[in-house]
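What follows is a set of structures for review.
In what follows, chain A forms one complex with chain B and a second complex with chain C.
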Partner chain A sequence: MNYEFHWNVVFQKMPELLQGAFVTLHVSVLSMVLGIVIAVFLAIAKMNNKPPFNYMASTWIEIARNTPALFQIYMAYFGLGAFGIHLSPYMAVLCALVFINAGYLAETFRGGFQSIPDAQYNASKSLGMTNFQTYRYIILPQMFRRIYHPMTNQFVWAILMSSLGILVGMNELSGETQRFQSLSFRTLEFFMVTAVLYYIITKFVLLSAALISKRLFRGEI
Partner chain B sequence: MIKVQNVRKSFGDLEVLKGIDLEVQKGEVLSVIGGSGSGKSTLLYCINAIEKIQGGKIFVDDIDVHAKATNKDKLRQKLGMVFQQWNSFPHMTVLENVALGPQVVKKIAKEEAIEIARKELEHVGLGDKFDVYPTKMSGGQQQRLAIARALAMKPDYMLFDEVTSALDPELVGEVLDTLRLLREDGMTMICVTHEIAFAREVSDQVAFFNQGVIDEIGRPEQVISNPQKETTQSFLSKVLS
Partner chain C sequence: MKLFKLAGILAGAVAVMASVSAQADQLDEVIKRGTLNCGVVLDFPPMGYFDKDNKPAGFDVDYCNDLAKALGVESNVLNLTWGDRIPSLVAGKTDVVIGSTSDTLERAKSVGFTYPYFVFKFQTISKEGTSLSSFDDLKNLKVGAALGTTYETEYLAYAEKMGWGKSNYTSFKSENDAYLGLYQGKVDAIISTNTNIATKLQTNEFKDYVAGPYVPNYDDVVGLIANRSEGAWISYLNLFLVRQIRDGNMNTHYNTHFGSDAPADLIQSLRDNK
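Then we have the complex of A and B:
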């Protein structure tokens, strides 16, 4: 082994790589926020047994959980393209990640909802709270507390999966890395640095999540 | 006034209430006694419309509780309920637990809601627990919290479902004292209870439930001290021995 490392090329491109890392963070944060909102509705729809919403929710959840992320991204980028809907690489990856996040989180949320005793609903209803108020003030806060850790895991997954953006030419961290390594042929150096950047991003996200949870969840459940 | 007229309630094939009739006037206390599974809790859940009924009618202040047009959420503001298993909201402090209803349901300003909550908590002897989380409290304290939470909505009626039966014996007294206090304030109450001595002491009426029907109803000195029906006699001799 006498591979000679050349780090300079990589460091020269650091601003671009950081820009790519920012896009990675951006798309995954957005995919989580939208995924969480949709997942709440999917979980409730699936639990409520009211056709057709429960079937729609189940179908969404089944597809999202049992097909590869790569397939979702291709569907959003090339598949929709065939119907005349042309998404940018960013939008295609975002849509795919939202779709998958929502599907996985819906199942997590459903478990969370079901772990909350009926007594909490009854107590809330007996105060005269509407269904919406019951969810807003009693059920959702407890549900989020219970599924907080699986939810942060999903976040990390979204960050890592956004690297599939490389396949549709998205300018996130992996896409940028791919571009530069093919120009400079310093493949190993670029991907090693990128791996470190991914590691830093996920650690940053996990740490933030832990800090936020300390602020958010004071009481014990 | 709460009026229950020939109420029937089933869970699937199991008929749990088989034609219940009773009336509770303003300011009265009705105690409901009876064996496990006789439908006591179910009656309370039907009165505040948490459970649907299959026959008969229930009126609260002449509002037909189960009529389609009745706003159940609004109706429940009139009816405070405390459950057998204490069920405080674990993600909120004691004070927040009590202030939530007035603030969210009655849209009272936050400061005022908190003021109401303080008063109710002091009333049930939890004046030193405002910022504690309920899971850190004893069962008796949590049950008093549940009472304060219901009272903060200024209900016209209170429904109590065996509020002492999940408590350690030494904590029962403090909760019963709270109920006595309420009675002195003139609160209209329906108490499902296994505390026969307490029922005799505070009630205007006692109803004995047996497998979904009321076998005997009347003044406590009659139903408890001088029961006419054999079923009542054998139930009382079992719980009193």
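Then we have the complex of A and C:
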């Protein structure tokens, strides 16, 4: 290949790239936390056949799982914009990612819930536990233990999908990379460094999740 | 065995020929291939856009066709975004990019520039009634521009110099998205080129909008870009640009796309290569 690498251009812009990386980390972690909370409700709503909640949950899950993330981010920014609702680029990406994460995780959680034998629901009821107590102390801890690994997959996806924020002018890692590569035209260098940064972010998040889960599940995973 | 020997010699000869022809430069390559792969940004009217039949059209597209004609090859126009221009060259998908590329010294470290072929002014566009009489009024407005353009860089540099900060600035992935953002009211004003703004103002969507102040003290001089190492190819492109003016093609295309003769000072500054 007939190409000379100029790395110093990239290193000069490292502070800005790291700032972009922080925004990426920030938006994906937040989207994951919110997504998990909503997904629990969606999964429960879909399992209990009580209209209209099961229909609402199904619709959410269907749309989130079967349309491209790119389209959803675009809808959150320019689609809502057509109705005069103006989200900032950050909010648009966050909303779209929460929507997607919740949709995907709901199905994962539903699988987790269904893997827990009915006998446990009945047993906790017979001990006089309320619905809330049953979920809080019996079902959810086991469910989260079982779906922990599929859940981290979704986490990685959320980080990588946040790169689509570039579409709506968000100053995350990809957007910053694009800006700097257009200043200097050192495309290959910037893209390679950014790929490494994404790798590091992903590994960092997975490691933190593993540490948290170790404490939370006390090694029973 | 003789047959094998012969085959070996033949294979060797082919390999040698292949390595010889690998030294052919881009100019040879285009002529041999019979097609000129010419990159144009097609969301930047009137330089590049899709016409009513969804075919590439515009000043830059006409230049591609003229260049292909001069080379005696077919013209293949490829649609690029601003950000795709360099990757397309590095990946060998395009031979030349005729895409209003500002000739900064920073970029010239990475890519080969020809002589200038056009000069733009950077200007603001906003809805009628927006209080925007001087460029400094942008301080109090929400401003947008397309990501990775020179006007974005110029605006951000100016904003930093004046201490405005980045908080009221939004970048958009493409020129079209920037206009969409302005249309939807996500931003109060966007920065674009005078030519693009003039075209947009004639459309129905932007009839209530007005062109505002220019970016102070800045002429956007743009050139064609090609692979930096292809010196012979770049000098061919340079001669092509000189001939475009000398033969009057430049003026013809200017008339087609801007509705008047090319201004004398534009022609003169291109003749002076500045």
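Everything that follows uses one rule, which is that the second predicted complex is superposed on the first by the 218 of 221 C-alpha atoms of A that agree within 3 Å, B and C clash if a C-alpha of one lies under 4 Å from a C-alpha of the other, contacts with A are read in each partner's own complex, and residues count from 1 in each chain.
In the analysis below, a residue touches a chain if its C-beta (ideal position, glycine included) is under 8 Å from a C-beta of that chain, and two chains touch if they have at least 3 such contacts.
Please read these numbers as outputs of a predicted model, since none were measured by experiment.
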| message | Looking at A:Gly81 after the superposition, I want to know if it touches chain B, chain C, both of them or none. Which is it: first, second, both, neither? | response | second
| If you stack the two complexes on chain A, which partner ends up touching A:Pro141: first (chain B), second (chain C), both, or neither? | first
| request: Applying the touch criterion given at the start, work out whether A:Gln154 contacts chain B, chain C, both or neither, answering first, second, both or neither. | output: neither
| If you stack the two complexes on chain A, which partner ends up touching A:Gln120: first (chain B), second (chain C), both, or neither? | first
| task | Report for A:Ile166: first if it touches chain B alone, second if chain C alone, otherwise both or neither. | result | second
| said: After the superposition on A, what does A:Gln181 contact: first (chain B), second (chain C), both or neither? | reply: second
| field | chain B and chain C contact sites that coincide on chain A, given as residue numbers | value | none
| chain B-touching residues of chain A, taken from the complex the two chains share | 117, 119-120, 122-130, 133, 137-138, 141-142, 145, 217-221
| Tell me, which parts of chain B touch chain A in their complex? | 45, 48, 50, 73-77, 79-81, 83, 85, 87-93, 100-101, 104-105, 133-136, 146, 149-150, 153
| query | Tell me, which parts of chain A touch chain C in their complex? | reply | 2-3, 6, 78, 81-82, 84, 86, 89, 166-169, 171, 175, 178-179, 181-188
| field | Of all residues in chain C, those that touch chain A in their complex | value | 82-83, 86-87, 90, 104, 106-107, 109-111, 144, 147-149, 152-153, 170-173, 177, 180-181, 184-186, 227, 229
